[in-house]
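Paired with chain B in one complex and with chain C in the other, chain A is shared by the two complexes that follow.
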Partner chain A sequence: MRSGDLALHHGGLKMKKRNISINLLIISFFLILPGILFANNVNNIIQKANNMFVGNNIYSVNDMTIYRSGKLNITMKLENFFMKKGGKSYSLAVYKKPGRMKGTAYLMIENDLWIRFSSTGRIRKLSSSAKKNSAAGTDFSYNDMGDTGEGPISRYDMELVDSKEDVNGEKCYKIICIPKHGEEQDYEKLEVYISTKEYYYIKIDYFRHKANIKTLTFSEYRTIGDKIYPYKMVMESHIKPTKTEIITKEIEFNSSRVKERYFNISYLERIK
Partner chain B sequence: MSFGVAVTKMEFSFYSLAPKESIRFKKLKSIIENFPAASSIIVVVESKNREDKIQSEKKVKAAVDAIQKELSNPKYSKYITRIEGKMDMSFFENHGLMILDVDNIKRMSNLFSNPNIVPFLKQLNDNFEDEYSADEENLSEDERMLIGQFNGIKEILSLMKKSSDGTDISGEELSVSLDKFLIGNPYIFNKDNTMALIVIQPSFTVNDIIPLMNGVPLIDKTVREIADKYDVKAGLTGMTVVAKDEGETSEKGIVASMFISLLLIMILLIVTYKMYSVPLISGIPLLIGVFWTVGMAGFLLRRINLVTAAYMVVLIGLGVDYAIHLLTAFTLERDDGKGFFDAIGNSFRKSGSGIVLGALTTASAFFALVITRSSMVGELGIVAGIGIICELIAMFILVPALLGLRNERIFKRGKTKTKLFNKVRIKFTFMEKLGKSIKAKPYIYAITMFILTLLILPQARNIGVEKNIMNMEAKGLESIELQDKMTEEFEMSPDAIFYSSNDLNEIRDIGKRLRKLESVKEIESITLFLPSDSEQKERKPYIEKFKSYLSNIQSSNYVNITQLREELSRLENNLCEMSDLAYIGGMDNLHEKLDNLTGKDKEGNKVKESIVDKLLESLSGRNSEIEYRLVKFQKNFVLLSKAKLIKMANTDKVTLDLLPNYIRDSYVSRDGSCFLLNIIPKENPWVKENRDILNKQVTSITDETTSMVNLSDILVEIAEKSGLIASLAAIVAIFLLLLIDFRNFKLSILTVIPLLLSFGTLFGFMAIAGIKFDFVNIISIPLLIGIGVDDAVHINHRYLIEGKGNMDIVIAKTGKAVLLTSITTIIAFASFIPSLMTAMHSTGIVLSAAMAVAFLFSILFHPAILIIVYEKWGLSITPWRFKNEEKEH
Partner chain C sequence: MKTIVLMIIVICFFNLPAFTETSMSGELNLNVAFFPIFQYTNNRFDGILNYNNFQNIHDLNFSTNALIKYIGGDDKIDFNMWFYLSKYNIVQPLLAASYGDTIQTAYVYDVINSSGGSCDKFDIYRANIGWYIGNNLLVKIGRQNMLSGYGYAWNPSNLINPVKNPFIPYLEIKGVDALSFKYYYGNLISFSVTSIYRPPLIEEGIDFEYIQYGSRMKLSIPEFEIYLNGFYDYDRNKGEDSYVPAIGSGTKIDIAGVGIYGEGALLVGSRNVYPSFQIVDSMYIPVLLKKTDEIYYSYLIGVEYTFGSGFMTTMEYYYNGEGYSREDRENFKNGLDYYNRFMEYIPSDFIMLYKPGSFAKQYIFVNLFYPLYDFNLSFNFSSMYSIDSYGLNLIPSVVFEPFGCFAITFRYLSLLSLKSDEYNEAFFSPVKNIVRIEFKYNF
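Then we have the complex of A and B:
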């Protein structure tokens, strides 16, 4: 073999190696691509769905009814204020009814939570661990309540598992959410169902210790400005015979009624 | 056979239906046998007038004390090992701090770091604000304990008020109030103290039938008598009592059913055959057949359970069928003028093979149940199959013999028909008319019946399976109702899930993890009262420090009235806030208690003076005199609380021997080697939805639990799987038998078709009527297969004998027997319907409906299809040997 031939031979070998490497790259890309596309797809789905909720300076008035063993136990009327500023979320909920609770209020600033009792005028600070506890006897935890300003699953990693799941006659994306790595969340898993047509949240199943402990359903979607919002949300517990229904009576996004001065303790003291 | 009967045990509880091979069942059996408390009988005592809470508490307490005293009498020792209505609190008085975790020891230490009144109230307020004032969930978890504590606080404040007014307070009064606050109530009260529980540890378990059936009624009678005297209500509940109630209800139901069905059947036969002696002619072999069946069950299985016992009633209805066929054939021959012996011979010749094949198909359907993995279903298959054969043999041997005896008697007496039968005669001439009609219009009959099935069958997909065993119990069983009451009033299900282990550390570890589950109310085990060595070592220094500090505290000669007023106001604010949280959290008893303490109505409006208001008013008077009285009160308070707390701060090692007997017996096995952990569910675990969540959560930690609830899941699974397998096996077995007998594939298929159509119609009917399958009535499916095919078999045999074009004769001749056998079988099954046991009631409806539907398809659809296939379409249904004989001709 002449040297030139050898050079050609080596060059040929190099060429072959390069081809193999390129092929491997291409193959790998196509293997990873669905994952990338899916991940992007999940994010897109969630983004579209969250557009219903995500907003700033949200003012709302809700009727919150608790049912126990199928019977109506109590209906409360709450006035809610939500603001996001400087990366922090602020929320204030003030009881308007029943008479006994009128003027009682909850203030949440990130992980800090205060309650102001109208009966005594005193303000108590809850421990941060209490945020995962039931909020005012409802099936929502304080954290669940706080999520409604940012989207219910903002703190979880997501995976799309099905795009044709049928929920009450509605075709839905089924998305599994697990806590972000290294973070501890209230639930070990969420199963989220978002309609494929309109990108509405339809249902969320909450899991702890492998069991679905409660389910949140969304309905009565209505247009409000450029958003479409569920005017009815029902959280049903599967570990006790209770259900909490939130009916939104009024909601405003970018509302002028939400003022920064509401989100501090001195304002709490002045609530009547 | 008598020996077999003698050794047969009666086991009439759902427990006895459990599959022996199941690991969970074996564990449950072991727990029941080794842990006496697992078979506890619970007495529920309730005030008759719960509105008056003060009187209610007094009466209930008095009744509990009286019942405890009476049942502790040695005359009950045969049935009662131990009884606890008012708990022995001495263990807690002596070791109360050592059994608390470090955080709670610190809490107690802070609370009583200075038992003088003002510091004590300050620390109490700090504690309320830290733990409960803003945390509704903590409030909910400790609701019962807090109600007890608030009772104690109210009494302490009341005594303080009395003292400040100048009334002398006895040490005893203050001691009782302090005990309520520190240790809690020795009685097991519900939240508003209008109901209480007494736990009886019987000397027998649910397996011991005789002492169970004697002991429980005796205890029940005694409890009710005492309850009447104290103007309260009382009843028994718990697994042992429910088992006894099940047995009693089943037994009553079965005996009554047997009697009623036998009576009705005999009346029908007397009138049909115009013989007063028919009850003897059919009844004697019938009862002998049942006796032989029980005997064989004793030899093979050694027991009769709920399902096989109920089947004895069915056997009456089935066994009499063979007598009916023989008697029908015999009377037809006699009506044709044949002599006695010729009539007997001909009846066997013409009906014998049909009867035998019918019996074999029914028996094979039952024997097919043996292939399922369920011992309950298998046992039924064996007993039922043997029962059919025993009845057949008894009838074949004894009916002709008894007819012969009758004939001899008539011959000797020269008797003719009685006048009664001239007036009362059931004529079956309509059968001949029906036969003629079917012969003339077979397509109409076949299509009509087919359309009927098509209309009802789609409903069959809505059939459900009963997943809640309690729904199968007798309605109105007090022991079951009291279980529901216990869940509601005491927030605990009387049915725990059990976990056992020889390793105490394992119990401790599993208990900690299970406690965190949302579906679990409480975890009970010995580890609550027996800290590990390392835990005791960890706690000891904190307790010693507290004890040492407390020993040096003296009561002050001074009470700062201003600070006292501040702390009292603060206390009232804390109570108000906790009441608000309890109100919106749905903790009705707690918020009522707190509203009462704070003088508020349900709307939160101040409507009366609270104890704090009254105290504050007292404290606004002449300070030096009030201060003197309060110092005196404080002295007693400090003295007593110090004494109690120092006693509780015992750092001696807590060992198993120190524990009260009632605690040891609850959680330690008889031989001391094994420990029990009870998982108390929040909600009633008998409800499927609750059970699914509980099972999922518990199995995420351990899959080695067991309970009666788990057992019911196994039984339901049996119902779902075994019923299907058994049915398929029965169909295959019967089909093979038909093939062997008829030697014609088409005829065998045609015989099975009406059966399948009647299934479809039955399932549709069940779905429409809302009747669910359960592990009792699902056994009716193979039964239906076995019995439902009989009528078609008889018609086939007769048709092959009478030949083409003679279906009217076939129906005329076999119709009476087919109708009678269907009616008698329906009577037998319908006798279950009045049963108090829901399971038996629904089985009665299912089986009766099944037989009625099978009869209609056999008498209307099957003959029509035979005519269409054989006479209209010209397809052969004759056995191949007949074809050969035809060829020879």
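Then we have the complex of A and C:
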């Protein structure tokens, strides 16, 4: 081989290497692009769904009914307040009915939970182990109750796995949610179904120990201001014959009825 | 002070509904107690603390009480009034008052027989008005709750409120007449100062010597809380009342879901009186001693955890510095023997030394709770063991709530003495086994 040929050969090799590098880059880009698009897409989907759902300074009055083995067991009336400020979420739930629960209240500020006992008026901060458990015998845990206003999956990382999942005749995005890295959550996985047409939450399956332990379904969406809110939510347990139904009687976003001083232990003392 | 409290009640009751939202709620309780005793004799309930069954214990005992709450308010002001109606055992105080007068005693027995040994009692548990100034300051006057502390059965750092019953710690307690100022800096810090008025029962009018002062500062950060209490008794006749200068503190922390808490208090003198005796003409005469010069301390350490199944457990160790040593408990026993033998009645202030759950110096408490929501049931098991007096109390209970406003509780209390001659709670109690059925209606 002549030196010129060698130079050409080397130049050719260099050109070949460059072509391969560029090709690899292009191929990598197209491999990553769906992920980027999907990541952006799932964020967009969630954002659209949450826009209709969540807000700040939310006031609501709900009837919470527990069914056991298909029979109505008890209906409780709750008044709820939610606020997000300075990156922290605050929620207060006050029981109005039945008589034995009237005046019982839960105040959640991030991971801290205080309970006001109606019988004595005393306020007690619960240990974090208590928050995973049933709130007043319902299928919602205290943590579940505290997520209102932020959306049910605010503390999870999300991945879109399907865009044509059929749920009760409704085409849905299926999104898998796992706890954010380094954060401990009550559930090891959530499977979220959001309608492709209106971006409504349709249902959420909750998983623990690899089993679907309960499902939350959303229905009776109604327009309220610029939001569309599910006035009926049902949490059905798959490990016992119970379900808990929340019917929203009244809801206000950016409500003047939500005041910052409500999310204070001092306010718990004056709940009636 | 009673006049002022009554004035607050009248003002609130008749005027505030015109200005604020008010509501009335409460609970009605009917309790049935049965005392299984296996040797069914005529004097089966007689005992060292129940001479001739003056406590009027029957095989089946009924008791009723009602707690009515009238509350109301708005953003700026609120008021609370709680009325408690119950039965009061009048046997002992009437017999004590008529002691030595046979004619009077005969009348007393007529009253006891016609009334069944009890009369209706009306108590005001709360009567207060609170003003909210801005978002941070609360001023409250009247009878109010001052109970503090993290402990489930005991609260040694509770320096102001009457002591709760460790066997029924969730029960309402009568409040304290006070003027309090509370300042809240968000949820981070709270600070309060309180002026408490606690006169002798009979007197009217206010004397400054009966005013006591308390303060409390609390710091709350995520998963950690700590507070400091202080109490000062301006009393020219130091030790005449049962409250002494003291400081208290408590803390609670959450580690891996386990709540760990502790509280304690240092007191200048004891709030208790101690049984002792004098020898007069070779006679043993019981007396009560007030110890005001020594420093006392009490503390509690507890843990609580809730499992995923809803099963909740609480364990506490309590050192009761004001409790009775074995010598004190023996003096108490000897004093009761004296009164039973020579006077046939026991003075009320001597009987009141018997405080189950706070009688000795060291206790361990374990509480297990399990809700069975599917069947509207919950199970609770409490056990209280006195390390220094070898007394053991076992209290299993089941609560059934068939409706939202109605609950039935089946409770069994067993008092056991694991060692003789220790003069513990079981030794003095006229009944060692109690079965209670409690019906509660909330409205």
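In this section, the second predicted complex is superposed on the first by the 259 of 272 C-alpha atoms of A that agree within 3 Å, B and C clash if a C-alpha of one lies under 4 Å from a C-alpha of the other, contacts with A are read in each partner's own complex, and residues count from 1 in each chain.
The rule we apply is simple: contacts are C-beta pairs under 8 Å (C-beta built on N, C-alpha and C of every residue); 3 or more make two chains touch, one makes a residue touch a chain.
Please read these numbers as outputs of a predicted model, since none were measured by experiment.
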Exercise for the section: Identify the partner contact of A:R270: answer first if only chain B is touched, second if only chain C is, both if each is, neither if none is. Expected result: second
Exercise for the section: For A:T196, decide between first (touching chain B), second (touching chain C), both and neither. Expected result: neither
Practice task
Using the touch definition from the top, say if A:S219 reaches chain B (first), chain C (second), both or neither.
Solution key: neither
Practice task
Could you say whether A:R100 touches chain B, chain C, both of them, or neither, answering first, second, both or neither?
Solution key: both
Exercise for the section: For A:I109, decide between first (touching chain B), second (touching chain C), both and neither. Expected result: second
Exercise for the section: Give one of first, second, both or neither to describe whether A:S163 is in contact with chain B, with chain C, with both, or with none. Expected result: neither
Exercise for the section: Could you let me know whether more residues of chain A are touched by chain B or by chain C? Expected result: C
Exercise for the section: Could you say whether A:I239 touches chain B, chain C, both of them, or neither, answering first, second, both or neither? Expected result: first
Exercise for the section: Return first, second, both or neither, reflecting whether A:N56 touches chain B, chain C, both chains, or no partner chain. Expected result: neither
Problem - Which superposed partner A:M76 touches (first chain B, second chain C, both, neither) - result: both
Exercise for the section: Show which residues of chain A both chain B and chain C reach, each in its own complex. Expected result: 66, 68, 73-74, 76, 98-101, 117, 119-120, 122, 124-127, 130, 133-134, 137, 240-242
Practice task
Quick one: which bits of chain B touch chain A in the complex? Just the residue numbers, please.
Solution key: 129, 133-138, 140, 516-519, 573, 576-577, 579-581, 583-586, 602-604, 682-683, 689-690, 692-693, 696-697, 699-701
Fill in the blank from the handout: In their shared complex, chain C is touched by residues of chain A numbered 66, 68, 73-76, 97-103, 109-112, 117, 119-122, 124-130, 132-134, 137, 240-242, 260-261, 263-266, 269-270, 272
Completion exercise
Counting only contacts in the complex, chain C reaches chain A at residues 23, 25, 27, 71-73, 78, 130, 132, 135, 138, 145, 147, 150, 170-172, 182, 184, 186-187, 190, 220, 222-223, 225, 252, 254, 257-259, 304-308, 310, 312, 371, 373-374, 376, 401, 403-407, 440-443
Handout entry: chain B partner contacts - residues on chain A that touch it in the complex
Key = 66, 68, 73-74, 76, 98-101, 104, 115, 117, 119-120, 122, 124-127, 130, 133-134, 136-137, 208-213, 238-242
